[in-house]
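Across the two complexes that follow, chain A remains constant while its partner is chain B and subsequently chain C.
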Partner chain A sequence: MKAYPYRRLAGPVSLRVTAVELKVPGESREPLDTKAFSVVEQVVALGGTGFDDWESARLKLSATIPSKATAPDSGWSDVSVVAVLTEKATNARTVVPLESTTESGREWTGFLDVWRADHRDRASLSVHVVARADGVPGRVIATAQNEWIVDLSAEAPRRQRELDVVIAGFREGPQWRRPFREVPWIVDTSGDVAAVHVNTDFEGLTDLLSGSGSGVEGLVRDLLLAQMCTDVWTAVFHAAVGDLEVEEDGTPLFPHDWRGEVLREMLPDVMPGRPLEEALGEVHRRRTEAAGWIDLQPRIHFAATRRAEMPKALSTTIRGLDRLQQRADA
Partner chain B sequence: MHGGEDFGPWLARQLRMAGRTQTELADSVGVTRAAVSAWITGRARPRDETIRKIATALGTDASTVRNRTTDTLAGRPVAWYHRPAPRDGGREFGNAAAFAFEADVSVLAREATQNSLDERLDNGQPVRVRYTLDELSGETLAAFREAINWKELASHYEAAASRTRKVGQVISAGLRDMYTRDRLVLLRVDDYNAHGLTGDDYEDGRFAAVVRRQLDSRKTARDAGGSYGLGKATLWATSRLGLVLINSTLSEPHEGRRERRLIGRLDLPWREVDGKAWAGPAWFGRPDPHVDGDDVARSWWADEETVDRLRLTRESGEPGTSFLIVGAHDVASLADAASPEGEGVDDDSVQRMHQRLVEALGRNFWAAMTSGGGRRPLLEASVRSFRNGKEVIPERHVDPDVEQPARTRAFRAFLEGATVDRLTEAGQVAMTTVPLRVPGREGFGSGGEHRAVLLVTDGDDLDGEPYALTMMRGNRMTVRVGPVPNLPIGTNPFQAVLLAGRAAGDAAPFADEAEAFLRASEPPEHDKWGQTDELRTCYSPSAYRRIAALTREANKAVRDLVAVPQEKRRAGTERLRKRLAVGGRRTGRPAASGGTGIPTLDELNAHIGTDGAWCVTAEVRIPQGGDSRPLVPVAKLDVRSGPKPVLAWAELVALHNCELIDGALHFTSGARRATFSGVTDVSTHPVRTTLSGLVVELRTGKEDKA
Partner chain C sequence: MTHKPNYLPERLALLSDLNAAQYVTEGLLNGKEDVPAIALSKIVEPLPYDGARAALAPVRELVDDAMCEYRDEKPTKADAWLAPRLHATLRLNRREAADRRLWNFLALGVAPDYVVWRFLPEPNGKEKSGEAPKVAYRRFRGAHYTQAFARLWWMAELFRNGSDYRPVARACAIQDMINTVLRLDVIDHRPTAQAMVRLLDRGTVTTGREVNALAGAVNASAATLMYDVVAPDVERDGRPVQEWVEAAETAGPVPRRMLPEGPDEEQAPEGSVEALADYFTELLVDAPVRGRPATEDIGD
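Moving on to the complex of A and B:
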C-alpha cells in the first residue's frame, strides 16, 4: 500500500481519446475514422490506416477529474491536468498540459502529438492531476485508473496481442535457424514478440496445419496444434522468468511487454493461491537460488499444458479415434 | 356567442329533463298552456320579462335561457347509468381490448402519448402532455368519493369484486387498498394543443370513438401512430377500478360550447345488483332526454366547481383532453420492487410510477420531443406528483437531451443538416441511407425504392444499452430497439437511429409509400415491424421480407461505419495464431487449484514525524484458514521507474494479534486482523521524506519454503 507526504485527490480520473489525425510530411493532417481507436479496449491502432509514411499522430484527448480538485477549499492550488505518453522500451516521455473546458473544472481537453520516431512498439498514455500541495508545486495528486495503449503497428485496436507465427523453410533464411532444419518447429523468444517458426521443409507439415480435412487428419491436426502451443507457452514462460528486472531488495518486477502478460496469465497455475507479485518473487527466488527450481518444472509444464488446452485436445482425439475404430469394425 | 339552440327544442328538453309538463310551466310563469306550446313549436318567442320568469321556474338565470348554450341543472342529475345486460343472456367478464395490455404505466405512457401526438393540432406548435399522479387519503379521498357518487357505485363494485375471475380479483385488490389503507392513486393524463373530444355523443367522431366504442380507430393522418383503436384501452387497464373520468376542451365547438365537456366511463364485468343484471359498462353523465326507454347518459357541460371537485380542472382554455384514471396501478413496477414477501403495495409506489413515466416518455418519444433546424418539437411532456393535491415531486419536463442524449444528438444533427459521412471524432453524427424496396399495394401504385436515413453516433450508457439500432417512422415514436449483430470486440459503443417513411425527411423518395407500408406492418403494440394480417392482405404474403432486408441493410451500414478492423491473419497461420493470444484479459483467470491466500495489508496510516521519518500504522487482514506464515514488513520509496529504494526500520512494533520475531510478523492463530506500527530510519532515506511517496509491503521471509 502507498502513502504520500501530502493530500491526494480521491475519486475517478478518466481519460478518453476523442479523435486521431495523422500527419504525413508535406501534407495536411488527415483525420482517421473513430474505428482506429477503441474506447472499450482503450487502444489506438495506427497500423491499419493506409498511410505508411506517417510521421506523427495527433491524439485529441478529454479527461474527467473529480470537481473536488478545483474546489476553493481543497487545499490545492495551481491545479493542472497533464497527459503523459511513455514507452519503456525507448524511455520516451511526452507530457502535454490539457485545458479546462467547463466551469466546474471537471472536463479537460487537449491534444498530444505522437512522434513515430520516438516510439517502437506500444506507448502508454495516462493522465495526471498536478497541483501545488502544502506549498510544494508540481505534485501529482491523482492519476487516471486507466491507461491507454498507442500501438504503432497494429491494425486492430485490441489490447490482446498474438505471438508471431513464421512459416518458412529452415534450410534457407537466417543462419541461426539452419541447424534446426530437421525439426518441424522452433520457438524464438528473442524478438519484440515471441515467434513460432514452422518449417515448410518438413514434408507435409503446413498442409496438415492448414488443411480442412476432418476424420483422422483433423484429429491429428488439433493434437499437433495443442502440442505446438504447449511448447510455445513453456518456452515463453522460461524466457520471461529468465530475464527479470530486480529491485534493490531483490523483488523482481513484472516486465512491461508480452513477457509480463505471459507471467500474469501463467503464474496463477504455476504458484496457485498467491498474489501475482508474491508468486513472481517465489519463482524468481527458486530460479536464482539453488533449491526448488527442479520442483517447479512440473508446475510450469502443468501451466503450459493447461494454457494450450492440451487435455481437451487429447481426449477429443482419443474419443475420435475410438469412434473411427468402431466405424471401421462395423 | 349568440343563441345556441333554437328556443323551442331547448325548452322542450329542459322540461323533459326536469320531468315537468307544459301546464306546470305555464302555471308558474303565469301564462296559458297555449302560450308555452307556441314557444315550443316556434310560433312565438317570450318577451324579456317572461324569460326572467321562465329562468326562475327552471331554477337558472336569465342568460342561460337567452343563450341556450347549456342545459339547466334542473331535473335528473348527473349520475351513473349502467348498461343493462343483453336479453340473450350473454355475459362479458371483461374488456378484451384492456386485456391486450399489461397494467403497466410505461405502456400507458406510450399508448396515451401516441394518441395525443396523433391528435396534435396542425399549427406548428407541439402538443403538450402532462402526467399527474395524485395520491388521495383522508378527507380529500372522502370528498372525491362523494364527487363521483361512490355510494351509487359501491354495490356494483362489491358484486364485481365477488367474482373470482381475473377482473374481479384486480377490482377487489383495488377496493381493499382503498378501504384498508385509506388511499387512492389518481393518474391524470392531460394534453394541450390537441383536438379534444369533438363530435356528437353517439355519431362518428372523436368523442364517440373514445368513450363509446371499442377497437374503433378513426385516425386519418398519414403518419398517425395507432390504427387499431387499442391504445385507449390502456387507460382503463391502468385503473384497478376500471374507472376513467374525462374532461375535454374542444378545438371546434359542439352544441355551441367548447370547455368542460365531461363524462365518466366505468368498465366492470357482467354483474347482478339488486336482482337486475348489468352488461358491464356504465357512464357518468346526464340522462339523455332524446333517448327513450333505457337510461343512457351523455356528456354534460359542467361548471367550474364540479370540475374542481372531480379533480379535472384544466390549466387553460387550450383545447385538449384530460383523462383521470381512478385507482391507477402499475403491476410492472411492483415486480421491479421485488419485495421478498411479494405482497402489499409499497409506500413509495407513486415515486416509482413517477420515475417509470419519465423513463417511458424519454425512451419512446425522445425524437418527437427533439427540436432542431428551426422546427419546434412535435411533443412536450412532463410528469409531476401530488399527495392530496400538494406537490411531492415537482413537475419534471422530460428532456430528450437528458433521457436519451446520444440519440437526441443524432436526430438533432439530422434536423439541422449537421451530419458527416464518416466518424472521425467523438460527438459526431454520421448519416447514410439504406434502401427499403416498398412493394406495390393492391390498387395503390407499383411501389419503389425508399431510402431510409441511418444515423450513427457514439453513445454511452446514458441511453440504455449501447450498440443498438432504434427504428421509427413518421410519428417519431420508437418502434423497435435491437442490438446490431456481428460486431468485432473493441468496437466503440454507439447508438444508431433508422428513420424510415416520412421520418426520413421531405427529400426521401417514396416516403409516403414506405410510411403506409411500415404502418401496416406494425402490430397493436407498435413494438416491431413484421408480418401482420394487414400486410398479408394489402400487399403480399411475402412482403414482410422487405423489412428483414431493411434491417439487414441497416445493420450492415452501421457495421461499415463503426466496426473496428480485425487483425488480418494469413490463412495458413490462423489456427495457430488465435491460440497464441496474450494480454487483454481484464480479470485474471481463476487459479487451477484453490488457496485462500496469505495475509494482506488492509489499511495504512502514515505521517512524517518531526525528525523526517515516516511513522506508519498498518492493519493486516488475515484470511480465514489461510496461510499464516510470518511476513516481513518492507518500506520503500515510490519512484516512477527503476528499482524502488528500500528504507530501513528504526523501530517496528507489533501492536495487536501479532508478534515480532527477527523482523518478521508472526500472527496469532485464528485472528482475522492484526496491527503493527513502524518508524523508518531517516539515515537510510536517499531523498528528503516530503519529496516521495511511501510503499509498504508484506513479504514472505526468505527462510520460508512453501
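Moving on to the complex of A and C:
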C-alpha cells in the first residue's frame, strides 16, 4: 500500500468513452460507428474506420466520481477531474479538464482530441481527480481503476493483441528470411508487434492451414496451429527478456511495448508466487549470470505451452484420431 | 577508427532491429571496423514518406559539420549543436520518430563513424586487462534516450519551446539532462521541461549532480502532484507540426551558425513555467545532492 501525505478519495472512479468523431483535413467531423469502441473491453479502435487520411479523433468522455469529493465538509477544494492520454513510444501526453454536469458533482464530461501524428501504436487514457488538499493545490486524490486503450491500428476494439501473420514465400522477400526457406514458419520479434511468417514455398502448408476439413486434416491443422502458437510464445518471451533496458544499479525495466505485455502475462508462470518486478529481476539475473538460466527453460516452455493451449489441442487430436479409427473399424 | 560508409544511398531508409543486430559487431564497437555499406543497403526497407525529408545527403553533411566543428573539443560538446539541427533537418512527427528502424539506419547506414567518434571512451586505465575501450551497444540500437541519434532528436522535441530551440541547446550542454532527465515521463509535460531549463538559466542548477538531484525531486513530487493542473499547458494542436513537415519541400539546409526554427507551435505558458520553476527551486533546497554536505552553508 502506498502512503500519501494527505487524505485520498475512497470509492470508484470510472471513465467511459461515449462517442468518437474523426476529423479528415478540409472536412467536418464525422461520427464513428459505435463498433469502433467497446465499453466492455475499454478500447477505442481507430484502424478500421474507412478513413485513411484522418488527422485527429475526438473522444467524448464521461467520468463518474464519488460525490464525497465535492461535499462541503470534504476537506478538499478546487476539485477538478482531468483525462490524460499518454503513449510511451512517442512520449505524448495530452491532458484535458472535464466539466461537472450534475448538481451532485458525480458526473463529469468533456472531450479529448487524439492527434494521429502524435501516436504510433497504443495510447492509454486515464482519469484523475485533483484537488487542493491541506492547502496544497494539484494533489491527485483519486485515479480511475481502469485505463482505456486507444489503438491506432486495430480494426476491432479488443484489449488482447492479435499476432501479425505474414503469408509469403521465403525464397523471395526480405534477405533475413531467405535462409529459412526450408522451414514452414518463423517468428519475427523485431517489430512493433510480433509476427509469424508462414512459408508458402513449403508445399501443401497453405492448403492445410486454410482448409476447413473435419477429418484427419482438420485435426492436424489444429495441432499445427497450437504448435505454432507455442513457438510464438516461446520466441516472444525470449525476445522480450533478451532486450531489457537496465538501470544503473542493474534493475531491469519493463519494456513499454508488447514486450512488456508479454512479460507481465508470462512471468507469473515462469516465476510463480513472486511480484512482477521481482520476477523480472530474477529472470534477468539468471539469464545474464552464470547459473540458473538452464533451469528456467522448462518453466518458459510450460508458460508458452499453456498459453498456446497445446495440451487441449493434443488431447482433442488424439481423441479425434481414436474416433476416426473406430469409425474405420466399424 | 571506423570510417564514413563507402557507399551512401540517396534516400534514408529503415533498418529493423533484427537486421541491425548482425552489423553491430565487436569490431565496430571497438571502432576498428566499418559497416559493409552495400550489403546493408540491400536489407533496408523504404521510408513510408518521400520528398525532401527522405534525402540522405543533408543529414550526412550535418554530421560531417558537427565532427569538423568539434574536432578539437570533447565530442560531448557537439550534442548541443547537433540536436536542434538534426531535428530541423529530419522534420519528423512523433509517430515517425517513434520508429526505431530509422534510428538504426542513421547509426549504421549513414554515420557509424559519428557514433564511434562520439561514444568511444578514451582509454582511462580502468579497462579489464586486454580489453579495448568500446562503444556501448545501446548507442547503435536502443531506447530513445540511449541511441546516438534518437536521444538528440527527442531532446530537441521535448525541450524546444514551440519554434524556439534555445532551451534545447541549453539542456544539451549538461550531459545529465540527456542521460537522466530525458528518460523521465514528467518532461512529457512541456511546462515541466521548460521549468527545468529555467533553473539552468537562473543558475539555480549548474552541475550534473544538481541536475540529477533535481530530476529525482521533480519526479518524486509528480507521484502526488499533478503538474498539468497547477501549471497548465495550452490545448494541444497538431497542425503546426504538420505544416512544418510539409514546408520541408521548400526549406533549405539548416543554418550552421544560428539556431534553426522549429514548428510554429504556441509556447508553453510563461506563468506555468515560472510557477513550476519556483516550486522546483523549493524542492531542490531539501533534495540530497551527491557530494554536497547536508548543512545550511552551501554555495561556496
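The rule we apply is simple: the second predicted complex is superposed on the first by the 288 of 330 C-alpha atoms of A that agree within 3 Å, B and C clash if a C-alpha of one lies under 4 Å from a C-alpha of the other, contacts with A are read in each partner's own complex, and residues count from 1 in each chain.
One rule holds in what follows: contacts are C-beta pairs under 8 Å (C-beta built on N, C-alpha and C of every residue); 3 or more make two chains touch, one makes a residue touch a chain.
Keep in mind it's a predicted model, so treat the numbers as computed, not measured.
Visitor: Using the superposition on chain A described above, determine whether A:55 touches chain B (first), chain C (second), both, or neither.
Guide: A:55 sits against chain C, while chain B stays out of touch.
Visitor: Just to be sure I read the superposition right, which of the two partners does A:238 touch: chain B = first, chain C = second, or both, or neither?
Guide: Once the two structures are laid over each other on A, A:238 reaches no partner at all.
Visitor: Regarding the shared-chain residue A:175, is it in contact with chain B (first), chain C (second), both, or neither?
Guide: Touch partner of A:175: chain C, not chain B.
Visitor: Based on the superposed arrangement, let me know which partner A:90 touches: chain B (first), chain C (second), both, or neither?
Guide: So A:90 only meets chain C here.
Visitor: Which of the two, chain B or chain C, is in touch with more residues of chain A?
Guide: Higher number of touched chain A residues: B.
Visitor: Look at A:229 in the shared chain and tell me whether it touches chain B only, chain C only, both, or neither; answer first, second, both or neither.
Guide: A:229: touches chain B, not chain C.
Visitor: Thinking of the overlay built on chain A, is A:5 touched by chain B (first), by chain C (second), by both, or by neither?
Guide: In the superposition, A:5 touches chain B and chain C alike.
Visitor: Output check: A:128 vs chain B and chain C. Expected answer is one of first, second, both, neither. What do you get?
Guide: Second partner only.
Visitor: Counting only touches as set out at the top, which of chain B and chain C does A:120 meet: first, second, both, neither?
Guide: After superposing on A, A:120 lies in contact with chain C but is clear of chain B.
Visitor: Can you give me the overlap between the chain B contact set and the chain C contact set on chain A?
Guide: 4-6, 88, 136, 245
Visitor: Touching chain B in the complex: which residues of chain A?
Guide: 1-6, 16, 18-19, 31-35, 37-41, 43, 45, 48, 60, 62, 88, 134, 136, 154-163, 165, 167, 196, 198, 206, 209-210, 221, 225, 228-229, 232, 245-249, 251, 253, 258, 261-262, 264-265, 268-269, 272-276, 278, 281-282, 285, 291-292, 302, 306, 308-309
Visitor: Residues of chain C touching chain A in their complex?
Guide: 16-19, 42-43, 45, 93-99, 138, 142-144, 146, 154, 157-158, 185, 187-189, 224-230, 232-233, 235-236, 238, 241-242
Visitor: Inside the complex, what are the residues of chain A that reach chain C?
Guide: On the chain A side, the touching residues are 4-6, 55-56, 80, 82, 84, 86, 88-96, 113, 115-121, 128, 130, 136-140, 174-176, 188-191, 243, 245.
Visitor: In their shared complex, at which residues does chain B touch chain A?
Guide: Of all residues in chain B, those touching chain A are 422-428, 458, 488-493, 562-568, 570-573, 575-585, 588-598, 600-601, 603-606, 608, 614, 616, 618, 627, 634, 636, 638, 641, 643-646, 689-697, 699-700, 702, 705-706.
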